[in-house]
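Next up: some structures, all given as structure tokens.
Below, chain A partners chain B and then partners chain C, in two separate complexes.
Coming up: the complex of A and B.
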């Protein structure tokens, strides 16, 4: 920590201060210094860029750019701010991608949504928005929908012409070297989901991959600005349907921090249980989907069968199976009127999982053909993980000890017994095994949390009918908060900005792990064959919902 | 053989009606068996236990428009689905189906039965390659190329394994092979049978060798552009091939329609269903191999083993049967 501060103080800073136990918050005065600062930070081990988040202040004519830089191994993080001008022509800053490559997609995202030009970015292009986008940038505060629509209608011919041009140019012969073909892998491919990979192939061999994303872009960050603080949970939980509860925990924590409220221990344990339920539900799909990519649906069906029991638990609590909206700022949404019955339901689901575990291990996890396919391909080393900032299960499969639940304990994780779950090799098969191990860990955590709640209720410390929610103020004070949770697929970071006496978020940056994981496909897939695309792609556990947001 | 007999063979048994019924049955059977392993219900509403579901499915497909893509070669694209089921159904005349017809012999009772079977089964993949070639679709073309690669490597062990009973009994007549088979020779032929069944999975594009029509990789390969009637015809060809190849396996290695207490078509059918159960079980528990892994497996393991098997058969013929 002190080392980071020392480095930062060498530069011209407005302030350098501590923020939470693991963060240093600093504001840079001169935007030209940014590359030097990042370089200096990289030398002392801050090698990963979590995300880049611009905040638009039209009245003050400035755009504030927040860099979230992380040192994964030593759990030290830097929150670096810098102001730039807002006018489109002058809205530019040096790119940090040449120094920290994990910033690549995040800078592109800021460029496409806010129009911040990153000078020196290796391939600056429109990213979430389509390549033929006309008009103002969508996340700016002065974005006008009517004008935008008019623009599109005026330019519709040009847009379609560009499309046909691209359509023509996708095959070339290289004489005796073979021929290069562009295969469009998606967005309607049976195994792709709403993403398009432009795969440059020579026969069956992959030469280059370019992900094209944005097919399910819902502009959730902008949407959140139009809703009140409670209503935002509905936007936030729709990041990805698979792990539904954890994004809401992340958002609720940020709001609580700004409001300065502490939630009750009961609500904390409830958040643990609900979060782990969400993780289990998500991991069960990942687990089965991994085999689905190799043409074996049996395991997916078995996993979905178990998943139904966990969804029953969520339904019992919140009334909804997928989009539960069950966690809000101030605690959890509903009281537990009959906690014993609900715990019995959880036990039933756990029992179901335990009953299929031996079969799963024997038939699928030790499957020789799966081993032949997945072992020793797509290996990530520790450096790969840190430089590209791969997160969650993917990082832990490569034996990198990172887990927000332990690095920066939130909810009640600090009071529960848990340890980093890791695998040794970091190959494709390990990315399957890690998921299996994590489900078991989640179930263990759920059991611990249930026990704690039961003890608390018996000792009279907790009241499940009243303790679930702390009253939150209707209007929030001015503030800024960063909140992180360990999501099913990795670190989720939310950056919330509020104005004085506001009823809705001024800016909510959602950062989800699939962005970096999708970027990694560019490096992972070349030199493999077409048959490996679904397998390697499936092993990254990418969800397009949180990729596009 | 009078004209009525010939018409009966062509249209009723073992011709069109039988093959159609078989297609309905095996479609339904694989769905239901797979559903059982998947912990699902499978077809449920149409007919008793959903048995009519496949019939409706096939008639639904027949009513659909047969689309010929603009870029495809229209003649090649549309003629192959007609030729393929015909070629797939041809080997039917070489197999002795039941003791009732033709005194238990095959309809075409020839001394080159094994050879005929092997050749007619081997022609099929080239037609499927042409479907991929005629579609003018990148994924279909890749599927076609994969079929060729797979067939060239799978047919070597397939033929070598099919030769082992012919070598053991000294005849290529399927009727003679069937009647020469005893419990002892079945045991001697067992390694050959296992190689034959593994190679059969490759020939029939069943998992783990469903590489040419891998949906997650190349979008069903050569099937991609086909719809409606053409698709039904291709599927019909596929299921007919499954029937022919598994009937060939049973006739060559497990005594065809001969059974305990009595000889009947139902014994043949029973043995085919057991084979089908094995195929479905493998399908339900094993992921797909990669193309290069399949090539490595066939050329460095399966083909050498098939040759070793011939050595073993020769040995057994001289020292165990003492012929």
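Coming up: the complex of A and C.
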């Protein structure tokens, strides 16, 4: 910590201060220094860029760029701010991608949504939006949505024509050396989801892969600005339907930090249970989906069967199975009127999982065919993980000890017993095993939290009918907060900015893990054959909901 | 041979008496039924106050307020189910007690339409307020207004009477010293 501060203080800074126990917050005066600062930080171990988040202030004619950098091994984070001018011609800053390659897609995203030009970026292009996007830079405060919509309706035929042209077959023969073809994998491939991979192949071998994303882009970050502080939960929960509860925890924490409120212990334990339920539900799809990508749908059906029991639990608490909207700023949304019945329902779901566990282990996890296909391919080393900022299960499969629940304990995770779950090799098979291990860990955490709640109620310290919500102020003070949670597929970071006496967020940056995981495909897939694409892709557990947002 | 056939027939006949799982209509009888399931809305026009809170909080603007020819409620919510995301915030924010005027009914999952444009356009929770109720409410309101007007008139009259009396007293008092003075 002191080391980072020492390095930052060498440069011309407006302020350098402690933020949370593991964070240093600093503001740089001169934007030309940014590459030097990042280089100096890289030397002392801050090797990953979590995300880049611009905030637009049209009245002050400035754009504030927030860099979130992380030292994964020593659990240290740096929040670096720098001001640049807002005018489109002058809105530029040196790119940090040549130094920290994990910033690549995040810089592209900032460029496409805010128009910040990153000088020196190896391939600066329009990323989420198309090149002919009318009006450009949709997240700027002065973007005219009505005008944009009008233009799209008028020119829809022209736009789709260009889109079809891009899909035309593109083959080049190379005589005896084979042929070079550009294949489009997705967006309608059964294993792909709404993403297109442009695969450059020579015969069967993959030479290059270019992910084309943005098929389910909904501008969620902008959408959140239109809703009030409570209504935003329904926007953030739709980041991905699989793990639905954890994004709301992340958002609620950011709002609570700005409002300066502390939630009750009961609500904290409830957040643990709901968060782990969300993780289990998501992991069950990941687990089954892994075999689905190899063409075996039986296991997916088994997993979906178990998943139904966990969805029943969510329905009993919140009234909805998938879009639960059950966590809001100030605690959890509903009181627990009959806690014993609800816990019995959780026990029933856990029992169901325990009953299929031996079969899963025997039939699927020790499956010889799966082992032949998945063992020893697509290996990520520790350096790969840190340089490309892979997170969550993917990082832990490569034996990197990273987990926000332990590094920066939120909710009641600090009071529960847990340890890093890791695998040794970091190959494709380990990325399946880690999911299985994590489900068991989640269930263990749920049991612990349930026990704590029961003890608390018996001791008279918790009241499940009243303690669920702390009253939040209707209007928020001015402030800025960063909150992180361990999502099912990696770390989720939210950066919330509010204006004085505001009723809705001024800016909400959602950072989700699939962005970096999709970027990793560019390095993972080459030198494999076409038949490996679904398997390797499925092992990354990518969800387009949080990739595009 | 005959025995085998008869055995098979017996088995088939037996199966007829078995409880049939497949005949269960999942639309009317879901496998899992939560008492607080967030389903189709129920709007109670008789306790709604027309405060507009549900309309303001709705994150997807699915609620439209239908005007009524009354003072309170002067409008009641109607929900477009094709837009609604069933988050239940309208129920949370409704101020009526103890029962909520807008509520997401538990367990009602009969919300499947045939998916045509026509059906989706009419996929609304409409509130049909009976004419008689409006008439009655109007009469009540009129009565209330009349009573209030009467009360106001009464109060006004009283106040005026008081004023007059005071004024009269004042003049009497004023006059009195003069008279006294004259007497002296």
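The rule is simple: the second predicted complex is superposed on the first by the 525 of 549 C-alpha atoms of A that agree within 3 Å, B and C clash if a C-alpha of one lies under 4 Å from a C-alpha of the other, contacts with A are read in each partner's own complex, and residues count from 1 in each chain.
The definition used in the following text is that a residue touches a chain if its C-beta (ideal position, glycine included) is under 8 Å from a C-beta of that chain, and two chains touch if they have at least 3 such contacts.
Here the structure is a predicted model, which means the values were calculated and not measured.
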{"item": "Combined model on chain A where chain B meets chain C, clash or fit", "value": "fit"}
{"item": "Chain B versus chain C as contact partner of A:341, first or second or both or neither", "value": "neither"}
{"item": "First, second, both or neither for A:156, with chain B first and chain C second", "value": "neither"}
{"item": "Greater residue coverage of chain A in the superposed arrangement, chain B or chain C", "value": "B"}
{"item": "First (chain B), second (chain C), both or neither touched by A:231", "value": "second"}
{"item": "Partner chain in contact with A:181 - chain B first, chain C second, else both or neither", "value": "first"}
{"item": "Touched partner set for A:291, first chain B, second chain C, both or neither", "value": "first"}
{"item": "First (chain B), second (chain C), both or neither touched by A:322", "value": "neither"}
{"item": "Once both complexes are placed on the shared chain, angle at chain A toward chain B and chain C, C-alpha, multiple of 10 degrees", "value": "100"}
{"item": "Partner chain(s) touched by A:534 [first = chain B, second = chain C, both, neither]", "value": "first"}
{"item": "Contacts of A:88 with chain B and chain C, given as first, second, both or neither", "value": "neither"}
{"item": "First, second, both or neither for A:1, with chain B first and chain C second", "value": "neither"}
{"item": "Smallest separation of CA atoms, chain C relative to chain B, angstrom", "value": "7"}
{"item": "Residues of chain A that lie at the interface with chain B and also at the interface with chain C", "value": "none"}
{"item": "Contact set on chain A toward chain C in their complex", "value": "227-228, 230-235, 308, 312, 315-316, 318-320, 323, 325, 333-334"}
{"item": "Sites on chain C touched by chain A in the complex", "value": "32, 34, 36-38, 57-60, 85-89, 92, 104, 106"}
{"item": "Chain B - residues contacting chain A, complex", "value": "37-40, 138-139, 142, 207-208, 210-211, 214-220, 284-293"}
{"item": "Chain A residues touching chain B - in the complex, by the definition given at the top", "value": "181, 183, 189-191, 204, 291-298, 301-302, 305, 363, 367, 369-370, 372-373, 529-534"}
